[in-house]
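In this document, chain identifiers A, B, C and D correspond to the written order of the chains, with residue numbering beginning at 1 in each.
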Amino acid sequence: MIQEQQIPSDISPIRLGMVGGGEGAFIGAVHRIAARLDGDFQLVAGALSSDPERALRSALQIGIAPDRSYASFDEMADREAERADGIEAVAVVTPNHLHFAPAKAFLEAGIHVICDKPLTSTLADAYALKEVVDRSGRLFVLTHNYTGYPMVRQARAMVANGELGRIRLVQVEYAQGWLATKVEDTGSKQAEWRTDPARSGAGGAIGDIGTHAFNLASFVSGLELESVAADLTSFVEGRRLDDNVNIMLRFAGGARGHLWASQVAAGLENGLRLRIFGEKAGLDWCQEDPNYLWITTLGGDKRLITRGGPGAYPAANRVSRVPSGHPEGYLEGFATLYREAACAIRAARSGTPIDDAVHFPDINDGVRGLEFIDAAVRSSAANGVWTRLRTA
Amino acid sequence: MIQEQQIPSDISPIRLGMVGGGEGAFIGAVHRIAARLDGDFQLVAGALSSDPERALRSALQIGIAPDRSYASFDEMADREAERADGIEAVAVVTPNHLHFAPAKAFLEAGIHVICDKPLTSTLADAYALKEVVDRSGRLFVLTHNYTGYPMVRQARAMVANGELGRIRLVQVEYAQGWLATKVEDTGSKQAEWRTDPARSGAGGAIGDIGTHAFNLASFVSGLELESVAADLTSFVEGRRLDDNVNIMLRFAGGARGHLWASQVAAGLENGLRLRIFGEKAGLDWCQEDPNYLWITTLGGDKRLITRGGPGAYPAANRVSRVPSGHPEGYLEGFATLYREAACAIRAARSGTPIDDAVHFPDINDGVRGLEFIDAAVRSSAANGVWTRLRTA
Amino acid sequence: MIQEQQIPSDISPIRLGMVGGGEGAFIGAVHRIAARLDGDFQLVAGALSSDPERALRSALQIGIAPDRSYASFDEMADREAERADGIEAVAVVTPNHLHFAPAKAFLEAGIHVICDKPLTSTLADAYALKEVVDRSGRLFVLTHNYTGYPMVRQARAMVANGELGRIRLVQVEYAQGWLATKVEDTGSKQAEWRTDPARSGAGGAIGDIGTHAFNLASFVSGLELESVAADLTSFVEGRRLDDNVNIMLRFAGGARGHLWASQVAAGLENGLRLRIFGEKAGLDWCQEDPNYLWITTLGGDKRLITRGGPGAYPAANRVSRVPSGHPEGYLEGFATLYREAACAIRAARSGTPIDDAVHFPDINDGVRGLEFIDAAVRSSAANGVWTRLRTA
Amino acid sequence: MIQEQQIPSDISPIRLGMVGGGEGAFIGAVHRIAARLDGDFQLVAGALSSDPERALRSALQIGIAPDRSYASFDEMADREAERADGIEAVAVVTPNHLHFAPAKAFLEAGIHVICDKPLTSTLADAYALKEVVDRSGRLFVLTHNYTGYPMVRQARAMVANGELGRIRLVQVEYAQGWLATKVEDTGSKQAEWRTDPARSGAGGAIGDIGTHAFNLASFVSGLELESVAADLTSFVEGRRLDDNVNIMLRFAGGARGHLWASQVAAGLENGLRLRIFGEKAGLDWCQEDPNYLWITTLGGDKRLITRGGPGAYPAANRVSRVPSGHPEGYLEGFATLYREAACAIRAARSGTPIDDAVHFPDINDGVRGLEFIDAAVRSSAANGVWTRLRTA
């Protein structure tokens, strides 16, 4: 029942580099575990910090050879591109404003990019990066990792199959409490850059977690968001970016909804929840209990589908590793994006098409996320007027 | 530990009449059980239906003497006011558009009124009724019954005590699925009048359940709602009133929030849920599991307070009947409003002040509910523009 | 959707008396609310306490006329039997050792008896009372109130329908924590008599809550318990009766199971839970969340049936009062036993047979409960040897 | 907040071999992911199947070089022991009866052993293996993986700190449904050997999952089990080993408890749950929702501790990888045992003592598990007589 990665004829690990993710970073370590979990990648190079000493120390701690620890991403892109055994892909795990430049550099060096979200700190950068990606012919994977959960894949498959009927309602929320006080003044690196417009961009909570919620809602519902009416607030005195957002949603085709993202919901941890209701049924999924998916029907049935259980579909089982009742979590979902990336990179190696079942958020999802931030920020600035997404 | 009503020297039951609530009605039967549960009331008169034969048949079935079954509320008000043993209070349990006239008639006949929600079908009627109430000197109790749950009282007490700190966020939702298809065309009396503007007023879901959610949020938070930005939708083709509403909320003092009310959330039953977050802590309460109240704190504690348990406050225990672990439900919460009404009526009997601990929604809550509907309908008609409540 | 009692042609309330249940008693007040909730009974007489002054004061507080407040149950039985408007039924709500004598007196006076559980304090008394009941031709209702919950009726109906297949496993538990310290020494009347062999009988926790668990398991599974292997323990130093029991179960036909009852499970409230597994499916019900019933099938379906919801059967809906999503609780379940008793008493009034759908625990269930206590106590005394129930 | 393994000066991965775990095996793949997740091990050799062709094919699929795929564990032990770059540790993931011989071979070749549970198929083998381990001076890690969950470590720490007070009750259960029919006749390899006494030993469910439950209860409570009264049953016709067990427990010091293990609980998945109650508080943990730990106190507090949250202790955080709200699961818990093994192996490499914080189940836990099976089987054969564990 356990599924290790489906090994194609070529099973040699993919050589991976990393930009950012030095000592003290949260998401870099997550990326490394995710890359390792299914055995598809080998981390061999890094520009882990802009501080060269810290970069080297970090590299040694995680087993990167000293000669492949670089002081800058530019140097790394150049040098690795020259090596016969150079990296095939790079993970970019820096703050938002430092996604664009390294992503561009590696893509132009012919190296696939796996990039943390949101795509960039400005919409202009997002559009520019899309051009770079399109031109490069390289793969671009954006780690909206919640799409990697099996029960999220299940939910998407059920909507796509029409089991919910035509979708009417999309209610999504992402509530955290860790920024309920001014922790950016207490030495928290994580809080510092997330609340700094220069590094995060125009959105605070909306960029950091709102884009996750938006991406998840879009991924599962299959709907295009057309316009938003947003109320962005900064509750913590002196904070420069929003820490709470309420956004009403209108989708192409008539569905309506609401998105709530908050980082000041005192005592909450990582409460991402998606509910979708169609003409025939509804679904409910919570990130903190990710192995469960509730389905409620017009007829009143209340059914719990479990990861790996008999109600789970191939689209979900494809990204499951252990039998039902053996919970999978955040790291497994994240690892699934790396597994999907590996499938795509191996297909690129061999010049074969990517298997249809493979899915990962890409440059277009990234652009869409920035358009969402942009529209919400504009709406809120105009006191909540309904505002179309740039290219909706 | 069990608490029956605190019997004052005068323990004779209060003579109660009812308008509406004949055969097939839902809420009339609920009112009767609620009136009976604590033994404070005796139902002795009724104008249970506008169809005289049905009125009489209904009266006999519930033990009302034939000579006190009336063909109209006017006749009932007149005749009961004349009797030495006439009713002291009347429950008005008709559809919305039939609250005003009987309430007025009984108040003017010197009879206390317990009235179902929302107050009236129009804001004008609401204002007019307020004048009648004020003039009459009689009690007016509006059955926003969810305020009768012990853990709702607990929540309110904790907010009032400052345990949550200054309130920032109020997220409330009330999701049902029973109107997900056009059941008003299938013979459902309940659905018929609720979807008929002539009987319900300008609001569909917003009036039927949105006002409950609004009242609950106001009751617990103690905050005044200032303005709304609303998106009212009718998803079911041919339906004349909204069946789904998303409303962004701005409260006096700066708190923000969101209210979602839906009757097309396929498969959901009676999902009223309130979450409030302050600077120090948050709370979470769900009507379908009403004996539990979650408290989460800035420091990360997650505590479950149970009805009747050691964490419950006097304000909650005052309206509890059985020890913790013995669940109370909807009828008990409803009965609490009748118990509160009885306390107030007995105080009126004896000319003593009402005990400070007694609480019931009153005419002002009713007016506020209609102002909420009015503002939301206007906002939605103006494409979601932020709209102040009439007297905010 | 709401169901008030089905009113037969004779709707006059049943005249009820009460033995025990004076000031400070828990269960007396519960019986009174239960009797009142559906409007079938009118409490008109009482011998509420063995202390005459307390008896009278208690009677006045709950609206019993002074001339029908009696100093003893004997006097009450005699005098009420003589009155034309004498009580038709009596509720016996005294401690266990005081069930037998009043029950006998009223039955022999031709008055129906509604008696709290367990039936008696000794097995001999139980057998003797059964003879009295059989001879009297009067009704005897034992308030194993948990059988009144709609979802318990649902569970029983599903087992009876064969939906679980042949039953293999019956796991039942009833865990409380309120006796985790020696509260019987701190003035708690409730704790005093429950831990006193003279008043409770040979069983402590096993009698007080173990019999509830046993009754529930028998009621739902429809199985006869044949033998037990028991381990009864008194954890609190100086306590004279068991406060924790583990009992392995063997049922006629081969099913096995386990019963855990504890009053020293620190912090738990009223954790009665029943799980039954058959060859085709399993069920899971918890008293603290009584509106839900989980069904899991061999094929892996996990389905939640809700009280009043579309999956609920007539046997459950018959004893439901409000629509799904409007939780019912402990008092409603208790009231259902009174409603069932009322149905039976009205049938007796009119000399018609009791409707087949009516169900209440009776003298035989009471005897069975005492046999269960007896077998468990003997097994434990013999170091857990498998011991047959007396008449198994 | 993320914790990757604490890298000592020597960070080179540990060279690992595997016995068993070829194509179609469940637990072999789990071990491989667990070994990989934290980057401590490199799988370089294997005797993955007793069928040489299948062994080789399996080896190639998971990246083992052909010259290090062996046809037998003996050959592998010999040859690897000779190599300068030979394996330092081996994972034995074969059915129970094939643990002893390879474990012995590798230990005697000086190679550390990580072995699946239960230790062996007979108690005699267990005692013999203990002698081998003790003589060898090598590490022996038994993968009772549930001890690797952070909230299990938390529970253990709280008990050890005395926060529950003196322990009274240990209720543990492990309920699955996958053997509710005779799947061993339908081609399921997993079911075949588990229901075969020659391969599993004297215990079916009790060996496969009962030992996990027993180990978990012992690990958290810190108590020594003294005696058992057991009722082992085979419900599925023709099945040769127990598929359901109820076992009453008596611990040294007076605590009592119960263990239920079942593989015929239709529809359940992997329901391992532990509840412990002491004089001051109780705890409740469920494997299927492993990031939560409930604490209930004598005073009635109900507190939810979350993995990584503010209530989590260093003992729990030490084995956590991601912040609270980002669920960890089964694979992470399993990986923790590999991480602990790595710490111990690295200490052995360098001749330094193992850090006190490191914990893994060892040969003594394995022996204790076989003694538990042995006592339960003897008790059940003697109709449930209380039976002491061999060396209790």
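In the analysis below, a residue touches a chain if its C-beta (ideal position, glycine included) is under 8 Å from a C-beta of that chain, and two chains touch if they have at least 3 such contacts.
Being a predicted model, the structure only gives us computed values, none of them experimental.
Comparing the chain pairs A-C and A-B, the larger number of C-beta pairs in contact belongs to A-B. Seen from the C-alpha centroid of subunit D, the farthest chain centroid is that of B. Taking the mean of the C-alpha atoms as each chain's centre, subunit A and subunit D sit 34 Å apart.
Averaged C-alpha coordinates give centres for subunit A and subunit B that are 44 Å from one another. Rounded to a whole number, the gap between the C-alpha centres of subunit A and subunit C is 55 angstrom.
Each of the following residues of subunit C touches two or more other chains: 268, 299-302, 306, 309, 324. Interface of subunit C with subunit B (complex): residues 1-4, 7, 11, 13, 26, 29-30, 32-33, 36-39, 60-63, 176, 268-271, 287-291, 306, 309, 321-332. On the side of subunit C, the complex with subunit A involves touching residues 299-306, 309-311, 324. Those residues of subunit C whose C-beta lies close enough to touch subunit D in the complex are 164-165, 168-169, 171, 173, 177, 180-181, 229, 231, 233, 235, 244, 246, 248, 250, 256-258, 260, 262, 264-268, 275, 277-282, 295-302, 383-386.
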